[in-house]
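Both of the next two complexes hold chain A, though its partner changes from chain B to chain C.
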Partner chain A sequence: MERSKYPLYFSFPAVIVFLLFFITPTIIGIYYSFTDWNINADAIKFIGLENYKELFNEPRLKQAFINTLIFAAAVTLLQNAVGLALALLLNEKLKLRNLLRMIFFMPYVIAPLVIGYIFRAIYHPEHGIVNQFFGMLGIDFMVQDWLNDPRFALFTVIMTDIWRVAGFSMVVYLAGLQFIPKDLTESASIDGANYWTRFKHVVFPLLAPAFTVNVLLAMIGSMKVFEIVMVLTEGGPGYTTEVFYTYIRNTFSSGEMGYATAINMLLFVLVTLVGIPVLLAMKKREVEM
Partner chain B sequence: MRSRKYSPLLLELLAICLAMLILIPFFMIFINSFKDIRESALFGLSLPSNWVFSNYEEVFNQDNLLRGFKNSFLLSALVVVSVNFFASMAAFVIQRRGGKFLQGVYLAFIMGLIVPVSIIPTIRLMDLLHIKGSYLSIIMYYTAVLLPFAVFLLVGFIKSVPRELDEAAILEGCGYFRLYFKIILPLISTVLVTVSIVVIVSVWNDFFGPFYLVTDSTKWTIVLQVFNFVTLYSTNWGVVFAFMIVVITPVLIIYLFLQRYIIDGLTAGSVKG
Partner chain C sequence: MRKMKAVHLTMALMLGAFSLTACGSNNGSSQGTNAPEGTAAAEASAKPSAKPVTLTFLIPNTEDVTPYNLIFKEFEAKTGNKVEVQALPGGDYDNMLKTRFSTGDFPDVFLMQPGTKQYVKLRADETLYEWSGEAGVWDNVIDTIVDFQKDAAGKAYGVPFGKTGMMGVFYNKDVFEKAGVAAPTNYANLIEIAKKLKGDGVTPFYEGVKDGWPTQVFYLTGWVSQVDQEIGDEGVQKLNVNQLKLSDIAALKDLFVKSKEIKDLGLFQKNTLSGTFDELQNELGEGKVAMAFMLDGILPQLEKKFGKDFVTNKIGFFPFPTATDTGTAMITPPNQLMVPSKAKNLDAAKELVKFMISKESVNTFYQSQPGIPVFKDATSELYPMQQTVKDYIDEGKSKVNVQNRLTASFLDLGKILQNFHITGDVDTAIKEMDANYVKDGNSKRLEGFE
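Here is the complex of A and B:
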C-alpha cells in the first residue's frame, strides 16, 4: 500500500498541541530572556544580554549549575546501581518475591512533594529516626544535622531521591532480565562460569536496552529535579543544594520574570547538550551489541 | 547443577531488610498521625501514648480535601484521554507514512522528551490566549509535556503491527479512520495502558505544573492542597501526617490492586520502546 495514502492530518492534533504549548513557549522564552520583564514594572523592555551578563556574574548560578550536575550524575549512577542490584536480587527464586517487588516500587507512585515532607521529619536533627537509629547503635559521628549542614545537605537530598526512584529502575531491569533465555545462563554455569563471570559476559550485555532506558530517563529526570529539593532544603543551607528549578522559583517569586526565563534557557541548553550525545551514544551502543 | 554461594534464605533476609527501609518511613507517618501535637513532633516509631483520632476529623473537615481529589481526578482523566488519542493517531501515521514532514515531527517529539519546559513563558502564553488558570490551560500543558514520551513509545510499538493488516482492511473497503479505530487501537491497547499509567502517575503527583499555572485555589489539585496544608498547619505534625495518610492511602490502594498491570505495563513498554 502506498505510504502517501495514509492521512497526514492524523498527526495534526498532536502537532498543534505540541507546537502551541511546548515549542511556542520555548521560542517566546528566548525573547523574554532578553527583556527586563518584571512583575512590578508596567512595560517589558528589550535589554539584550543584560540578564545573561548578570547571571554569569552571579555565584549562585555557578552553584546551581554544579549542584544540578552533581545531583544528576550521582542519581543516575546510584539509581542504576541500586536498581540493578535489586533486580538481580528479586530475580532469584525468593518466596516473597512478588510482595518485595511491589514494596520497592511503591515510593514511585507517591508524589515527590509528599515524600519530601516525610523525609524532612525523618532527618530532623534531634528526633528524626535517622539520628535516633545511629544514636541507638552508638555511632555518634553519624548523628548529623543532615539537611542543615552544608557538608551533607546535597548528599542527603540525593539519597532521598534514590530511595524514591530505585524501584523504578529495578522494574525496568527486571523486564530486561526476562528477555534473557534461561538456557544461556545455565549453559554458562555448566561450563563452569561463576555468578560474576556469567553476569559480566552473558547477563549484562543482554541488558543493554534496559540500561539505555534507565540511564536516559534518570539523567533527563534528575536534571529537572524540583519538588524534593524545594521541600527538603529550599536550596539551602546557603546555596549548597540550589538547583536550576529552585533558583527559577525564587526569582519567579520575587517577580523577576525575564531573569527567571534566562535561567530556564540555560537549563534548556545544558539538558540539550548533555542529553543529545547520550541519546546518540547509547543508541549506537545498543545496535552494536 | 547450579552451584550457589549464598543460600536463598540469606538472600530473602537481605531483601526483607532492604524492604524495611521503604516501609519504615510510611509506618512513621502512619503512627504519628494518631499522636497529639507534642508527641507527633517527636517523629518517633513508638505507639501513641493516647490515640488521637481527632487529627483525622480535622482533616476531613477541610473542604479543600474533597475538592483537591476531584480536581486531580478530573485533570488526570482528561489528560489520559487526550494524550492517548493524539499520540496514537500521530504515531500511526509517523510510522506508516513517514516522509520529511513526519520525520521532522518525530524528531521534534524526541527533542521534547529531553528538554525542559519553559514554564514562565508558558504562563505568559496562557495569558495571551485568555485561558490562564483554566482547566483547559493545565490540560493542554500536560498534554504537550507528555506527548513526546507517548509518541516515542507508540511509534516503536506500531512497528510490530504488520502492514499487511492495513492492506487487507483497505482492500475490504475500510477507511483510514475505521482502520485506526477498529484494528490499530485494539492491537496497541497494552501500550496504551502503559501510557495511561505513566500519564496518571505524572499528572496526579505533579506539583510543578499547577504551582505555576493554577492561581485559583478552587482548582488546586490534591498535591497543591498538601503544600498549602503543610504551610498552614506546620505546627501540628499529627494533623499534617493525618492529611498525608488520607492523600496517599487511595493511591496505595489503587496501586495494590493494579500493581500487576502497572509493573507489567511498564515492563512491556520500557523495553519494547
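Here is the complex of A and C:
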C-alpha cells in the first residue's frame, strides 16, 4: 500500500512549539548547570564542572541516589506485576468487570498530594486504620510507626505509590490483551495447553509492546518521584526517604540554582543511561503480529 | 519499521528525561524583580490613591492572626482601606515569599522573622522599602531594638513589631508539684528531676522530631547558656566571617552529647521520631509530659486548647541550665514588618505599618498576645513565665538567639537533628552542621565564606 505524503511544512508549528518549549529550556538548563547561578549573587559566572565535582562529594545526594534507585526498581517491578495480574483478572468475563476496572484505575486520577494526605491519616501510628486493623486482629507485632520508623518509611512510600499507579499499568495491559487475537489462545486451548502454558507461550510474548511502554513509563515516572514522598515523609525521617527531587527542591530553596540544575542534569543522564538499555532489551523481545 | 519504532521510542524516552531540566531553567532570576527605588514604576505606585484599596498582608500560619485582624479592622474603619491577610505555611514561608518576589507577585506588607540576615536573603537594598529616615516610626521603639534592626550601613528595611520572644524549657507546674520537684538549679539537677519524674510514671521531656524545627530549640537555647560562655561575642564574630569552625567548639559538641544522653536514659517520650508540635502541646497540657524545650509560640496554642488561666497558672519556664547555675535566658527580638519597594499600594502600605506601630495598635496587640514590649510607652500584662524572662533580662542574664546574631544560617538543622536521633552519631551531626553553615554563607556570598 502506498503511503500518502504530506508537505513538510505541515510539521512546522509542532516543531516550533517543541523547539521553543522543550529544546530551548533544556539547552538553557544545560548551560546553567555549568554556572554559579545563585539568587544571592549579582552576576552569573561560568564555572565549568565545579557543580558536578561538588555534587559527587555530597553524601546526602548519594543517599538520595540510592533511595531513588530502590524506589524506581521496586515500583517498576511491582507496578507491572500488580498491573498485569489485575489486567489478566479483569480481562475475564466477570460480572462487575467494568466497575472493578474503574475502581482500580481511580487512584491514578487522584492527585498524588491528595493521596499523600489521605495515607498520612491511614498510617498514623495510633489513629490510623492500618494499625487499628492489625490491633483488632491481635497481631501487635505488625503495629508499627509506618512513616516515621526508618526501617519501614521507604517501604511504606513504595507501597503507597504502587497502590496509586498499578491501575494505570492495568489499563495499558488490558489494551494489549484486547489486541491478542482470540483464535490464537483458543487454538492453544484446543491443543491442550493449560492457562499457564497459554499465558507463557501465547499471551506474554504478544504483550511485549505493552510491557515496553509500561516499564519505561513506570521507570521514568518513579525516578522523578516527588509529591508522594514530599507529603508522606518530606524525605525523612532523617534522609531515609530522600529522593532526587526532594534533594533538588532543597537546593533550589536555598537559592543554589546552578547546583540544583546540575543535579537535575545528573538525573537526566541517569534516566537515559538506565532507560536506553532497558528499551533496547525490551524491543528485542517484541513480536510482530 | 521496527527500527523506526525503536527510534521513536528512544526519542520519547529522551524527551521525557530532557524535560526534567526545564524545571531548572524556567524559574527566572530574582534579578528580574529588583527594580530600584525611584524607578518610574515605583514612583507611580507611590502616588497616593484617592480610592480605597485592598492591601495584602502576608504572615506565617505559625503566628496567631487574632491581634492582626483586630488592628486591621480599626485601620479599615479609619482609612477605608481593607487588609487581606494571607497566612502561608510556616515551614515554607521564606521559600514562598522568595518565589513571590521572583515572579513579581509582591504583597503590600509582610511579617518577617527578626534579624538583619533577612536583608541578605531578600536582597533588601533592591527589593524593600528603607525605613531608617522615616518620621513617626522609631520614636517609640526601645533603643536596643532600633539598633538591632539596622545593618552595618545603618539602614533599616524592617520595622519591629511584636514582643521580645524567648526559648527555653516550658514545664507543667502541676506535674512538678505532684512529683515534689522545682525548677532546676543546674544541668545535673535537671537530669535528676527528669529521672524522678520518669520514676513517677511521667514522660520527662517531649521531642517533636517529626516536625523537625522543635528539635532545634534544645541546641539554640543551650547555645546561650553553654556555647556563648566558651566562645564569647568574639567567637560569634569569628563564626560570622568563617574564622571559627562549628566542629571546633567543644561546648557545641557537648550539647549533642547531652541530647544523646537524655535519649539513652529514656527521658524523651517513646516515639520521638513521630513527635509533633501539636502532640507536644496536648501532652504537656494534659500533664502526660512534664517539660519541653520550646519557644514562646507555644503559649497562644496552649491558651487556645487549655485556656488563659491554665497558661497563666500551670505553665512555668526556666532557661537551659549550665553545669553551675540556672543558665542564661535566650531571647529573640520581635518580628519585623516589611514593605516591598514595588508594592502595588506603597503609600497605603507605609500608612498601614505606621498605624500598626501606633500606641493604640501596639496595645491591642499586647492585649491579645501578652509579652515583653519593645515599644517605650506600651503596656502589656505579662504571663508569669514571661516575667521570669524579664527578670533574667533585668539581671543582665539574657542573650539574643545566636541565629539572630549570625548572617549565615544553620541550614537544614531540623533535618540534621532528625538524622542524629536515628544514628546517634555526634561527630557526623556536627560535621554536617558545620558543612551546611559554610555552604549557606557561601551561597549568600558572605565575606570569608567564598
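Rule of thumb we're sticking to: the second predicted complex is superposed on the first by the 279 of 289 C-alpha atoms of A that agree within 3 Å, B and C clash if a C-alpha of one lies under 4 Å from a C-alpha of the other, contacts with A are read in each partner's own complex, and residues count from 1 in each chain.
Basically, contacts are C-beta pairs under 8 Å (C-beta built on N, C-alpha and C of every residue); 3 or more make two chains touch, one makes a residue touch a chain.
Predicted model only: the values in this text are computed from it and were never measured.
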Taking the superposition as given, does A:L174 touch the first partner, chain B, the second, chain C, both, or neither? first
Report for A:V75: first if it touches chain B alone, second if chain C alone, otherwise both or neither. neither
Does the superposition put A:W163 against chain B (first), chain C (second), both, or neither? first
Quick one: is A:V215 in contact with chain B, with chain C, with both, or with neither? Answer first, second, both or neither. neither
Could you say whether A:L96 touches chain B, chain C, both of them, or neither, answering first, second, both or neither? first
Chain B versus chain C as contact partner of A:V271, first or second or both or neither: both
Check the contacts made with chain A and report whether chain B or chain C touches more of its residues. B
Under the stated touch criterion, which partner chain does A:V15 make contact with: chain B (first), chain C (second), both, or neither? first
Report for A:I28: first if it touches chain B alone, second if chain C alone, otherwise both or neither. both
Could you tell me if A:Y108 is touching chain B, chain C, both of them or neither one (first, second, both, neither)? first
Give me the intersection of chain A's contacts with chain B and its contacts with chain C, in residue numbers. 21-23, 25-26, 28-29, 32, 220, 224, 248, 252, 257, 260-261, 264-265, 267-268, 271-272, 275-276, 279
The residues of chain A that touch chain C in their complex are 21-23, 25-26, 28-30, 32-33, 37-42, 44, 125, 145, 147-150, 212, 216, 220, 224, 234-240, 248, 250, 252-257, 260-261, 264-265, 267-268, 271-272, 275-276, 279-280, 283, 286, 288
Inside the complex, what are the residues of chain A that reach chain B? 1, 3-8, 10-11, 13-15, 17-18, 20-26, 28-29, 32, 86, 89-90, 92-96, 100-114, 117-119, 121-122, 124, 127-129, 132, 163, 167-168, 171-172, 174-176, 178-179, 186, 189-190, 194-195, 209-210, 213, 220, 223-224, 226-227, 245, 248, 252, 257, 260-261, 264-265, 267-268, 271-272, 275-276, 279
Of all residues in chain C, which touch chain A in the complex? 2, 5-6, 9-10, 13-27, 29-31, 95, 98, 102, 120-121, 123, 209-210, 212, 271, 273-274, 411-412, 415, 418-419, 421-423, 439-440, 443-445
Footprint of chain A on chain B - complex, ascending: 1-3, 5, 8, 11-12, 14-16, 18-19, 21-26, 28-29, 32, 41-45, 82, 85-87, 89-90, 92-94, 96-99, 101-102, 105, 108-122, 124-125, 140-141, 143-145, 147-148, 151, 163, 166-167, 170, 176, 180, 201, 204-208, 212, 223, 226-227, 230, 237, 240, 244, 247-248, 251-252, 255-256, 259, 262-263, 266-268, 270-271, 273
